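Per-chain numbering from 1; labels A, B, C and D assigned in written order.
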């Protein structure tokens, strides 16, 4: 047979545990594990804890790239010499869904495009990302955001479930090296595998057929033009400003930094902690002026930043359709519903088109 | 001629207390132990609240023995609604008590009482010369805190202690680690016991003749009945019939009496009453002490406290072992409110604690009564103070004042 | 896309943009109640020689123990070897800064932000409108222009504040008023004391001074800095007098925490005040609804 | 030496105990500060002058008030520790429902006390308070951070963000979504969300976050089966006077 693809391999499902064991031998392994009724990304010691068929984790894998609380520097008060004892470690994050891979690629742009953050870059260089295919639940809308499939090259390996096997796409030299290291677990691709792989794409898209999806075409302009829409007030009335939506978001990156001196007054830590645009203090300047004084302003700001701000700054939507913000919202506010309401009467019409346009984008 | 000896602010006690010793013509006329703590109306603020809110609210009566208040109120609510908790819940509650005693007794012994006998104003100052002794106190306290945090959710006012059980149980690994730490703290507790046994306590014989305690072999066990040293037994329902409370104008705590007499509760009372039921290893330790139990010297409360510390640690190890082999149950059983009154009693570190609540059929509290150890001890302490003043009639005012403070502290009111 | 991402990750570790440079306070001057001007010099002399900035840019100043604050530079880049910051005591960090004395060491990152488009302004008239503490960043622009006077046409400075007590850079501005190459018009909200009377051209608001400016609007660039509430009225008045909105630049205050578009606090609509601003053309206020 | 005082008014002493639990911090402080006044821990106490005075408990009697006023006069910085000192504590939850006389009668009957008694109130009703560290009990880390900051002449920084922040970042299931009453979205964080991670709803012991949305939280409680009255009582336990007069339609102008 002359059929030969170097950019992908087949991992029989029975070899998955061996593969995970192998990964763990290379570097600390982070993977989804069950905790209570939820799934979370966590470092695993025992690979039997790893859960493969999960829908979404509470927090995105972002927490292993940008910790929620981190010390940027320590400085001495006398000499004022700044030092960081931060050292990135090698790590492998396994089991990332496509939306979260896209989320990481957005973070890459934010942190690395201009004034790159050396700390993020160091972590990112030492991190191997291994994705896995998934099926949507009621909160997912990645088909609308164009993030249902792993495009781009910010990942190293991606496992697509094709029935008895995983179709393993190789995204980077680092990914390739891992495959070579564990080559006895893999086999070459055959024509049928490729057919199954293509079918899996269709299968995921079909799973969205009966779901409510927002139409995101021209969304930036829509949001700008609907700035005064009463929909914002209606939705914001229910908003608790609790910050859950931004804390679980794979692309949110805002933080506040505070200098914390020690008792002796000799050294000071500059601590950065994740924050949320939904908190009033976020826009409070010294002197007591709130730039986003109302709940509506804060609520709208999140949509504005995700759907207008990101496209302006990094030429991508800031939403990857993972559904976390809706799934975790204590007030059950849904991003999809809000966007559908904003589009109003036109939605029915353009909703039909969604399927075609998104499909065009994703394949 | 009238002469008054006052201690206006009792230090190293929880809360606010003051003592007046009044002499007239060189004869002792009156002793007043005043608790000047502002009233907090707990019997009132619990009213109209849902039964599930009660333990949380009354927990705030005391920051040191919050576990006792939460459990006593949970017992009362469970009594009113006819709830029986599974063995696992009961064992975890008992383990919680182990934590509470470790924290409370270590705090009292090392930080409130010990400086008196070592000649320091407080443990912070004592730490400079005796860092290891203070460290040991911290270590015991820390383990107590750890247990309370693990089971209760927080070190102080943990919200995980609910009517019907707990919102969540600890993991087996966490329990195992508690068991190991309890085992490894035992030498420290033995050292504590011999330290407190070796201190010079003032010669003193209390005239309070009746000792009262909940009927259980030790503080980590719960019971529905109370017994006294003169052989009377009564149930928790009858508590208010036997222990009578009255209000006196000079103190915000109410004063309690048993058969019109002051009575003793707390560690010394418990050790005296249940000497034979202590853990065998503790009994062996006691036989080596210079302090003789049962003791009538109220200052020996401190030794009794050290005895209890060691005892709860041994019990804790047993409880953890049983827990690890226990059948898994849901952490909280469902509670169906109904109209009625419930009673709860529990041995708090300072003494017997009593809670009573009445509920409407939808589970709202319609009435409450709480009798705290401090209130019940007031009469006994006053009696002891009178006795002390007479015993030490020849010492200077300064010394008498100091002795009075030490005596009151021994009760840890 | 694939290529650009690879490029991002293959970058060598950059110079840490979060790491500040040490600078010593060489002078502290009390300008008005709660307003002080600090003069700094970098401890690293080679840095001091090359460190450059544009009027309207800001630095992130580390006040030891208290934290970082964004402050506009009020000195002109035409004068080398030092830089100045005027700070009002208003929050927990500026309180600590106000306690510092000459000889104390702080740390500085920057300059950040876009600054005024001085290159584009060259060859045109410049109208500078300052309200209150807004005089600080504009002082930088004033001296930049005066030090390169020949590159600009007519220059006006309008400055308004509460009363004489709150006038910043009193002596300096007095001397400016005597110069021929810049026209200064001052107003005060309240004229009560003799000093007020001596200082103010009018009692009233900056908007009342605008009609007095004798410049060809289409040939003029306008730089405005002051309290946000004033922008609406000043903008309206400028447009009424024929100044094109693409030639009016306003400086906006936001809660910058990182200075380099990473922390998010300074977002205005879809823009970041720290990288896209803090100087924005008035035209942007139409598109950034929360700007003013 | 910096002179520190730790004083308790009407409360449970839980916050002072929690301060005594800060073993590391106390160890480091010895030698840096002088505990001039700390009656819970020492019997030699000097109330003459302080740099920093920490006050626990609510003002409930004339003795509390006198002590507090004197303390305020004698200290440079006054820090209210714990929910009682910040908002009035659990004892003030029914202040707006009933008169003091009725309260006294319910507990003490017809008997009179020697003390002058008021409805329990927060320190700020009586004197100026520089900083508030709420919590029942206060949070140890916040106490340590506050002391460290004040010793360095810097004001501590506590943004009033909701408990959900810390809860969600520790990947705890949202209890409201599970039908368990929780005050996380309207309560001031800083505690590390220990209650929600144990599966108990937040009880709001640290008081309000900035601009709490009570309307929405009440409607969520209604959806999970709590009556309006019980919901309001639930919210009132720790909020003292900061919530008195809560009714539907209550919302802050600015945060609305």
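In the analysis below, a residue touches a chain if its C-beta (ideal position, glycine included) is under 8 Å from a C-beta of that chain, and two chains touch if they have at least 3 such contacts.
What you see is a predicted model; the values in this text were computed from it and never measured.
Here A-C and C-D are compared, and the pair linked by more C-beta contacts is A-C.
Per-chain CA centroids place chain A at a distance of 38 Å from chain C.
A straight line joining the Cα centres of chain A and chain B is 53 Å long. Per-chain Cα centroids separate chain C from chain D by 42 Å. Averaged C-alpha coordinates give centres for chain A and chain D that are 38 Å from one another.
Counting partner chains per residue, chain C shows two or more touched chains at residues 65-67, 92.
Shared interface positions of chain D, i.e. residues touching 2 or more other chains, are given as 152, 154, 157.
By the document's touch criterion, interfaces exist between A-C, A-D, B-D, C-D. Touching chain C in their complex are the following residues of chain D: 152-155, 157.
By the touch rule above, chain D contacts chain A in their complex via residues 25, 28-29, 32, 145, 147-149, 151-152, 154, 157, 159-162, 164-165, 168-169, 171, 173-174, 176-177, 182, 184-186, 209-211, 213, 215-217, 219-220, 254-256.
Against chain C, the residues of chain A that register as touching in their complex are 72-73, 75, 77, 80, 82, 84, 105, 108-118, 121-122, 124-125, 151-154, 224, 227, 253-259, 261, 265, 268, 270, 272, 275, 277, 282-287, 289, 291-292, 297, 301, 304-305, 308-309, 311-313. Contact residues of chain B toward chain D in the complex are 9-16, 36-45, 47-50, 53, 56-57, 60-64, 66, 107, 111-112, 115, 121-125, 127-128, 138, 141-142, 145, 149, 153-160, 162, 166-168, 247-250, 252, 331, 405.
Residue ranges of chain A in contact with chain D, taken from their complex: 35-38, 40, 57-59, 68, 237-244, 247-248, 256, 258-265, 274-276, 279-281, 290, 293-295, 328, 330-332.
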